[in-house]
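In this document, chain identifiers A, B, C and D correspond to the written order of the chains, with residue numbering beginning at 1 in each.
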Amino acid sequence: MADVQTPQPETGAPPPAGTLPTGEAILQVKGLNKRFGGLQAINNINLDVAKGSIHAIIGPNGAGKSTFLNCLIGLIEPDTGEILFEGKSIKGLKQHRIIQRGIARVFQTPQIFPGMSLTENVTIAALSKRDGEFRFNPVTPLNASNSATEEAQSVLAQVGLADQRDVEAEHLSRGDKRRLELAICIAAHAKLLLLDEPTAGMSRHDTNRTIDLLRLISEKGMTKIVIEHDMHVVFSLAQRVSVLAQGAVIADGTPEEVRGNPKVKEAYLGGAH
Amino acid sequence: MKFTKRNASRRQVLKGGAAVAGALATPHFFVKNAWAQGECATLGNFPVEGPEVVFGFSVPKTGAYADEGADELRAQELAVEHINNGGGILNTLQPLSLTGQGVLGKKVTYVSGDDQTNPDATRQVARRMIERDGVIMFNGGSSSATAVAAQSLAQELGVVFMNGLTHANETTGKDRRRYGFRQFFNTHMTGLALGPVLAENYGTDRAAFHLTADYNWGHSMSGSIKDATEGEGWSTINRVSTPLGATDYSQFLTAFLNSDADVLVLNHYGNDMVNSVTQAVQFGVRDMQKNGRQVELVVPLYSRLMAQGAGDNIEGVFGTTNWNWSLDNPGAKAFVDSFTDKYGFPPSQAAHTCYVQVILYADACERAGTFYAPEVIRALEGHEYEGDGYNSASLYRAEDHQSFHDVFLVRGKSASERASEFDLLQIVSEVPRSTVEYPVDTFEGELGDYCPTA
Amino acid sequence: MSTETVSGPVRPAAATGTRSMGREALILLVFSAIVLSMPFWLPLLGGYEGLATKIMVWAIFAVGFDILLGFTGLLSFGHAAFFGGAAYVTGYVFRDHTSEIIVAFIASQLGVLVLAAAIGFLSLRRTGIYFSILTLAFAEMMFAAALAIFAPFTGGYDGLTMRTTPTLFGMPMQGLYVFYMGAIMLIFGFAVARMIKNSAFGLMLRSIKENPMRLQYTGVNVWAYKMAAFMISAHFAGVAGFLMVVYEPYVATKFLHWSTSGEVVIMSVIGGVGTLFGPIIGAGFLMYFENVVQAAIGEQWKLVLGLVFVLVVIFLPGGFVQLGAMIWRATGHKVRERRHNVPDMEPDTQRERNLG
Amino acid sequence: MDPNALFLQLLTGLQLGAIYALIALGLTLIFGTLGFVNFAHGALYVIAIYAAVTVAANTNFLLAIILVPALLFAIGVAFERGLIRHFYTRPHTDQILITFGLAIVVEELMKWIFGANNIPFTLPEWGSGLMVFYSDWSAVPAVPVFQEAPSLWVPFIEGFVTYQFWRVVLIAVSLVTVAGLFALLQFTRFGLVVRAGMRDPEMLRFLGINIAQKFAIVVGLGAAIAGIAGVFGGPITQVTPGVGMALLVPSFLVVVIGGMGSLSGALIAAILIGMALSFSAEIANLQQIVVYLIAVVVLLVRPRGLFGKKGVFE
């Protein structure tokens, strides 16, 4: 898990929403295709995601957003095309190997370890970073002075869950579960975060809090790809938006550019029959 | 350090504070008798202290043979009653040293356990009875697999095992043990008894097809019938193994139908036999003609309990049995009457075997004048006796611990022939002991030492 | 900062791994004292030597099974394969080669290693109920093969009987010696299991039970951890199978039967899955019930056992350990809330897709 | 292999499969709709055969055909309302354990009441005897056993063969039951909801369709099929307490081979298993492991069974 890239300075704020990010691409997708039977789920997608940016992917239902995300994370193997992460191909790698390279994923329903304390939840991620995909060490006890546990405490403090660190995760509110999930991703030292409708089903209040949180962790230089329906979220967060329809990218640019694109309107209206 | 708990009941131990204190002082519960008298350094639960001696009855209480096990236990209880108070075959057995007042002045009590017709459970339950309850001997069982397991444990621990129902040759053949005795007959004897009768009734050029329960008894039975019938000129087309406890035999019966065989031999016992014979009849096997002859069924080993399950399907089917309650001799009458008085129905052959075995053991102790196992074993070896339910004398052969006595050739009665719901088997002929007695070297085997060899 | 109030139970800091060595040592000491003194107190309850040894055998089996079911959340219905497999290897060594138990131990564990690697590799390709069924199918196949194809080697339904007294460096191992050997193995196994529970490795296993998908998405090779847990628990089963044959020089085909696997499941559930103590108590209870209480109840003992089992599953999902906690709480003590005893099957990939 | 032998073995395979199919259908129906693993399904069969033999012995067989499935339906509904529904929110392992425990209790209870030995199940007059399959009637001997038996013309065989009539009845009953079940699910609103529930229970709940009300009926239906199996299969599998467990394990494997929750999968897997048993009868070594061998191979090659949906119960 060589850290080839120089990490961005922690204080370096991400470019504000609505400004096209510049700089090198952390993720490059080239000519990606995936067919399910007669359905062309992914149709020749080319996409670069700039390091440190927040990149939203929108599109009508069935546009292939989730399939695209699943291709990136190794759950679905694309038919053709190439996926480069930090310049190296991750296509065809085992899922956990891809993730070990520094990609993390946040689910619609926060995926945490419900029966464990918050500290344990985050320690697991810290251990995955420290020990790699597998390490057989049943001897050393995992006590508080352990490096992974210390890391976990510090990450919990960053996301504002420090005072609940001994609570069992299943007792958290939904918003806090999302925080915890992000804490897990931070502790795993993810460089690229894939978010699948992170505010789906949330109240406006929780949504805003989640946006704040995402902004906060962006300051750590973490790149994000967000699939989102909620345009409020897209416009508050994303610097760049790609629109998917029928498996292909039909528009790409700043949120403002995309909003004015007639093809996008057509895609949404056409898809809403 | 003496094993004080052996003669006290568990309840007494639990109650008695002194015993508790004693038990806490040393784990003497686990210490084997270090100074048993005589030739053996350690020996089971000898000597017996206190006014009582404990027998152990390990019978199937659950599983497919639970009903048979229940009948065995009834007979064992009756045997204990007769040893303590007289009655039953104590009035007919000759020679007899028992007085009807217990054994060697001690009252007989008993414990029982569930062997589940499973060799592992048998050893478990036997260990409990030997180690905790301090039994001097144990008896029972309804399968050759459990019999073999129990016998080898008996040899290890130095406690005599009087076999219950076990019919495989191995029990007194290759798996014979010094500490095991068998009153029940075996498959070889069945073959000797059945072969000539089959030839006489069905001809000498038949082709047989065997379905065989896939365990030691089934293979032993199949082998014995094959030898006996081929000796009469028959041929054996195929011998197909069926899983123990199978419920549907149609695929095996189809194989028989598709073969050239004209006699179907069902080497099954218990529920297996009831299933296979019923299904064979349903398949029309008995209405069938093959090679121009009537197709026949043979069930080598019969029991009344199975006959009840098979109902009319066994009408006219030949087989053998170790004993039947309808026998007319003083020993059989004495046993059947007291059993029927107590329980309201006649005993099965398994019950008879267990009953006789318990009493023969007790009598051997009385004759030996001790519970010391090697002496008791010597008293049983070569012992000849009568009045145990057969019309003529029986013998415990010293060399393999097999008992020889008359065996019975039976056929299933039709509904109209039955006098009662228990009157299912008609004795076709009484095969004398001399016919079924075979040379001791027919089967190889080692009895082992008179001292336990674990 | 979070504004919601949290009403959930708070785990003591100890739960996160600050458990002191001193506390751990105390637990082990008390446990050892109870186990080693069994010959003194078991007879007071109507037990006997063989029963004490058998409890050791099954407790070892159950502790190992808890690492798989209780920690990792994998329900194997085929652990009889390892128990019986090791028993057969031990039996062969005793019958045909040497009575030296060290040799038999090494041979049996090598056998389990190969067997567990093969069955684990194939079964762990699947999850959830399919994993359970695959393990069951493999074990039952071995059982059926032992009865049929391999009957000349296994003795078929009769099992393997031998006239050997196992020896340790020439010293016969019988009676109390076997018990103490088993007791030491159990204490060692228990200590190992506790150690695993408190280690980083153990945390990974427990997180598989909680949410394998999240673990996968944290960059962890879930399969490798599952395989490790499977192998470890298989070796515990193998040690138990080996000990069983040292205790009684006899191998029953039933050791391979699904009811043997079922028995260890029943023990774990009755005792309390995931607690290590629970399955040991369960093993003791089941052995005591099958051997002592059975005689008192008579023919209906299996019915009573079945009812006890059903009642425990309905009313005491945490087994006897939960019962103990309830009593403890009722008497005014503070007890940490325990989550459900048996883990759920893993979330399905369908759900994952819906989420995605 | 000569055509008559082949025909008989096919018939046997079909008939062996028929009984597995009936039990597996109930299992997979309950599983597919409720996601509930019912290890007590064999116990329902045991209740059915004892009920059938009791009714048939005291009244007549036709009454048993009506009463027993009805009784089992009632038991199934009571079982769902009284117990199963409290376990929907519990883990699958708990469901397996509770039903496994219940199976033991039922088996032991039946043993207590009826004894461990077989109870003879006498076939009704109309169902006993043989059935004749012929290609050439003139080959059939002129004896009443054959002449008066039900008969069917079959091509390809030589002369004639006979088979137990009752087993042919069992095959027919299985086919009718399967057809009935498929029709019920295909052409009724109840079936529509159940099928939708089997496809995507989450979605149905989401749409606010209260499938819970249907659950009791589904369990009742599964139990009633076990009841039908008991009435017609009882005379063949015999009436013993242990038969439930003996049938459950292969039936469960049938469900898994066919694919959890797939009705047609269960049917095809049952026939596959039946044929495998039939054709391996004389190969003792293979016979006893063939079911497990098929299960292992299928699950390794097609992990979700022959017709399994992705992700069911993993």
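Here, a residue touches a chain if its C-beta (ideal position, glycine included) is under 8 Å from a C-beta of that chain, and two chains touch if they have at least 3 such contacts.
All values derive from a computational prediction rather than experimental measurement.
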Inset, instruction - Hop across touching chains from chain C and tell me the fewest hops that reach chain D. - result: 1
Legend entry - Between B-C and A-C, the pair joined by more C-beta contacts: A-C
Inset, instruction - Can you figure out the chain closest to the middle, judged by Cα centres? - result: C
Inset, instruction - Could you tell me the distance, in whole angstrom, between the mean C-alpha positions of chain A and chain C? - result: 40
Inset, instruction - Report the inter-chain centroid distance for chain A and chain B in whole angstrom, where each centroid is the mean of the CA atoms. - result: 74
Inset, instruction - Please report how many Å separate the Cα centroid of chain B from that of chain D, as a whole number. - result: 38
Inset, instruction - Note the residues in chain D that touch 2 or more other chains, in rising order. - result: 108, 284, 287-288
Legend entry - Numbers and ranges of chain B residues touching at least 2 other chains: 62, 66, 214, 241, 243
Inset, instruction - Mind pulling the residue numbers of chain C that touch at least two other chains? - result: 144, 147-148, 299, 302, 353
Legend entry - Complete list of chain pairs which touch one another: A-C, B-C, B-D, C-D
Inset, instruction - Spell out the residues on chain D that touch chain C in their complex, using ranges where they run on. - result: 37, 83, 86, 90-94, 96-98, 100-102, 104-105, 108-109, 112, 202, 249, 252-253, 256, 260, 284-285, 287-289, 292-293, 295-296, 299-300, 303-304, 309-314
Inset, instruction - Would you pull the chain D residues touching chain B in the complex into a rising list? - result: 4-5, 8-9, 11-13, 15-16, 19, 108, 111, 115-120, 122-123, 128-130, 141, 145, 161-164, 166-167, 235-238, 240, 242-243, 246-247, 277-278, 280-282, 284, 287-288
Inset, instruction - Provide the residue numbers of chain C that touch chain D in the complex, in ascending order. - result: 75, 122, 125-130, 132-134, 137-138, 140-141, 144-145, 147-149, 258, 262, 265, 269, 299-300, 302-303, 305-307, 309-310, 313-314, 317, 340, 342-346, 348-351, 353-354
Inset, instruction - Name, in rising order, each residue of chain B that touches chain D in their complex. - result: 62-67, 214, 238, 240-241, 243, 245, 247-248, 250-252, 254-255, 257-258, 271, 274-275, 278-279, 282-284, 287-289, 305-306, 308-311
Legend entry - Complex contact set, residues of chain A against chain C: 66, 69-70, 73, 75, 94-97, 99-100, 104-105, 107-109, 111-117, 119-120, 123-125, 127-129, 131, 133-144, 146, 148-149, 160-161, 163-168, 170-173, 175-176, 179, 184, 188, 196
